[in-house]
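Okay, so chain A shows up in both of these, paired with chain B first and chain C after.
Up next is the complex of A and B:
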């Protein structure tokens, strides 16, 4: 009777609360029956997981490296995706069609395969005019993750631009605006608002995908789990993995929630 | 027959979307300072005629002259722009820019398209907002205005371009009855000041009082074109008679 009268939101909240409570109860019970010893190991090694150094300083890897990797990839992906998105909207087919091809290819490639491909395609260093530009694994990971993210972002841009009512184009054209001016002054300022939620969702996905970058050999949190902590007992490793899962969750979930809230706010001012 | 003072001359234009012929030979002349109303059933091609006049839509055949512009020979968007500085358009759905205030909506194009001086444009824009009696709403966003108010801002935006002609496409069709008369009041004022106007409308009373001649479109043709007194009192074409019989 009571639940029938609760709103969907209230129901969702109570389910989430029950789940969280169940997890807490499980942790307490488990700790009381011997788990505390494993949690203690996790506590001791936490600085290593977070920073890649046992003392927590200097930062050489760990979860913070995942965060840095995600930020660097997102920066590259945003720039690349903007170019790709605009190219797929171009009037001239010689620009639009290749952009479409590349975008769809990247969007439909498994991220892990792209990462491996970058590992082998990009050389260790490039010589330009006698200068040697090295390509460390971190750079390869940045590019490998940025490519599919860029392709997805370009689709976000395209969707936002195409969601602008055609009357806006008509009005601007009838006022004598050029196509470039219409994008600059009319379409992009409106589309920009509608892109932000998609961009944030994409960032949360990218952050999760940084775990894949362990294949490039960088000292990210997963590499550290697999190497430095290999001597921990098998039982303790379960606790370590749970901890890492929680780190990703704690970082990404608020972003996703915030994005969803923005999305709802933006939907309100559609015309 | 040429009219030296004819501002718009449309001769035998045809337009089709795929197999569907929207315009089947339209002829229309609008002289400087005239108000011409186009009425006709929905889907008969009224909006298409207006869109062809300012090059929003290319035509398949025929000629359109607006001022010194041969519209049918303008092939690129770029070539259309000088034409569009002279021909403004007001739409049924207002199409204001929702991310800009009313004042900014009016000021944008003269500054960004015509390159006019900002201070001078702001002065002009405020006067135009006063003219449509919305001076007090200058800083409101379109979303904060009623339909009628948005449409009056759209009229001010069109006027800010200092055009030779304004095309009105069913500008009161989406409005509440009470606000319709405010918008019509503003348009009537423009006509009385001698601005050339082409109006697609369903407001028969307005068409009768304001226009210099009235055209009736049916299936992509203008089947009747007469001064309003004659048009409403003695329609010659049976299709006009039938239509007027339904709406009056």
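Up next is the complex of A and C:
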């Protein structure tokens, strides 16, 4: 049984390898039969797509801006989501019910619509104590993407905390720990381990959603694809689309694989 | 701070735009949800056959669609299928026009995206099924196919339902991105309305509320379905 299992996986891996090889061969054949001039166009534009400036420096946009946007949004979402997640676990209904309401509203709203709404609801600048805090489109995109991510992250936290066996609660209680101490010393350290795969999956999802930020007008990879490529021939555009699709895939797929591996590792420790 | 003005809602033109938008959104969501569920079931079914090359192909399909932005998939599908794709000649005007409308391209692209997610959901449903049930079926002398149709498939479907609910609500939300390729759904008409009356914030808040309401109804119905389908004494519904 064990050897059959291995050979099946090995077979599958070799087929995947063959598929990858077939793609490479197809690209070479296509390049040899006239595709190379399109690829050359992609090569010329590649620094622009990645960094937003034709020479590759300084970084003003492009795919790197998407990455920065995803990191900034994830930081905000992690902080917000933690607060929201803890609020939905609160004993008091006064805290729990509004938190649930906000969480469900954010979870049920489309990312694109939420992003659009934030674009118009957040003012251009806020005056606090005479200080003017400007809100450029990038900040609005960060907030617009962070809100649904935070709601999803609070669900991850809730799931992780509730997956801790109730015996842990009873044991800690019988040892005289207070609720706060139980969370700090017993539940959260264990739940934290189980949150990480969900958190990483969420990050991959957020990275994919940064493509939507093009509606805020920031110079992300999609904006550049749409604007500066109006001058390329129609055939070449296919190559540009494939290149940008591959950028996202190359960034997100390793994260997804790593998250899945962690998930499997965490599944084992069921106390 | 917020002085919202919704008097424009009384205008029948805006009302009809909103209604048409909601109907088109529902249509797009329904078509792509059904197609995605079918793709998911067929894909997961194909995986149970344990054919290495088929498994590899399906994995490639799932990973590519899961790890790239659906917006980009839609733009690419629209561009390749509509702009470069099949052209037909309009008999009335004699002009050549794309065979597939923006709506069709969005439906195809969303079906594939949702299908890729659904394959994963059904696959993990089949995988997490308790081994004991399969062994009990074997012990009772069920044939391979009878075991699949009478025992494994009904249980796996029920295990996968919560994940499927998530995917379908995700898919419903993603239909709003079809507005980018000019599919006349709710989000598209929202743009039309605020370009006309400049009440951007009011329109966006209204559209957000409409979407949240529709998605909430969908998840509620799926929860009802889950409860209705539940086996007495098996799974979450039992407790």
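Throughout what follows, the second predicted complex is superposed on the first by the 256 of 271 C-alpha atoms of A that agree within 3 Å, B and C clash if a C-alpha of one lies under 4 Å from a C-alpha of the other, contacts with A are read in each partner's own complex, and residues count from 1 in each chain.
We take it that a residue touches a chain if its C-beta (ideal position, glycine included) is under 8 Å from a C-beta of that chain, and two chains touch if they have at least 3 such contacts.
Computed from a prediction, not measured in an experiment: that's the story for all the values here.
Colleague: Should chain B and chain C be called a clash or a fit once both complexes are overlaid on chain A?
Modeller: Overlaying the two structures gives chain B and chain C room side by side.
Colleague: For A:189, using the defined touch cut-off, is the partner it touches chain B, chain C, both, or neither? Pick first, second, both or neither.
Modeller: Touch partner of A:189: chain B, not chain C.
Colleague: Could you say whether A:12 touches chain B, chain C, both of them, or neither, answering first, second, both or neither?
Modeller: The answer is second: A:12 touches chain C but not chain B.
Colleague: Which of the two partners, first being chain B and second being chain C, lies in contact with A:171: first, second, both, or neither?
Modeller: Only chain B is touched by A:171; chain C is not.
Colleague: Classify the contacts of A:179 with the two partner chains as first (chain B alone), second (chain C alone), both, or neither.
Modeller: Touch status of A:179: first partner only.
Colleague: When the two structures are overlaid on chain A, which partner does A:44 contact: first (chain B), second (chain C), both, or neither?
Modeller: neither
Colleague: Spot which of chain B and chain C makes contact with more residues of chain A, would you?
Modeller: C
Colleague: After the superposition, what is the least C-alpha distance between chain B and chain C in whole angstrom?
Modeller: Here the least C-alpha separation of chain B and chain C stands at 15 Å.
Colleague: Considering only the defined contacts, which chain C positions touch chain A in the complex?
Modeller: Touch list, chain C to chain A: 50, 52-53, 55-57, 59-60, 63-64, 66-73, 75-76, 79-80, 83-84, 169, 172-177, 179-180, 187, 190, 200-201, 204-205, 207-208, 211-212, 215-216, 219.
Colleague: Provide the residue numbers of chain A that touch chain C in the complex, in ascending order.
Modeller: 8, 11-13, 15-16, 19, 104-105, 108-114, 116-117, 120-121, 204, 208-212, 214-215, 222, 234-235, 237-238, 241-242, 244-245, 248-249, 252-253, 256
Colleague: Quick one: which bits of chain B touch chain A in the complex? Just the residue numbers, please.
Modeller: 54, 56, 77-78, 81-82, 84-85, 87-89, 91, 93, 95-99, 108-109, 112-114, 143, 157, 161
Colleague: Write out the stretch or stretches of chain A touching chain B in their complex.
Modeller: Its residues touching chain B are 165, 167-168, 170-179, 181, 185-186, 189-190, 193, 269, 271.
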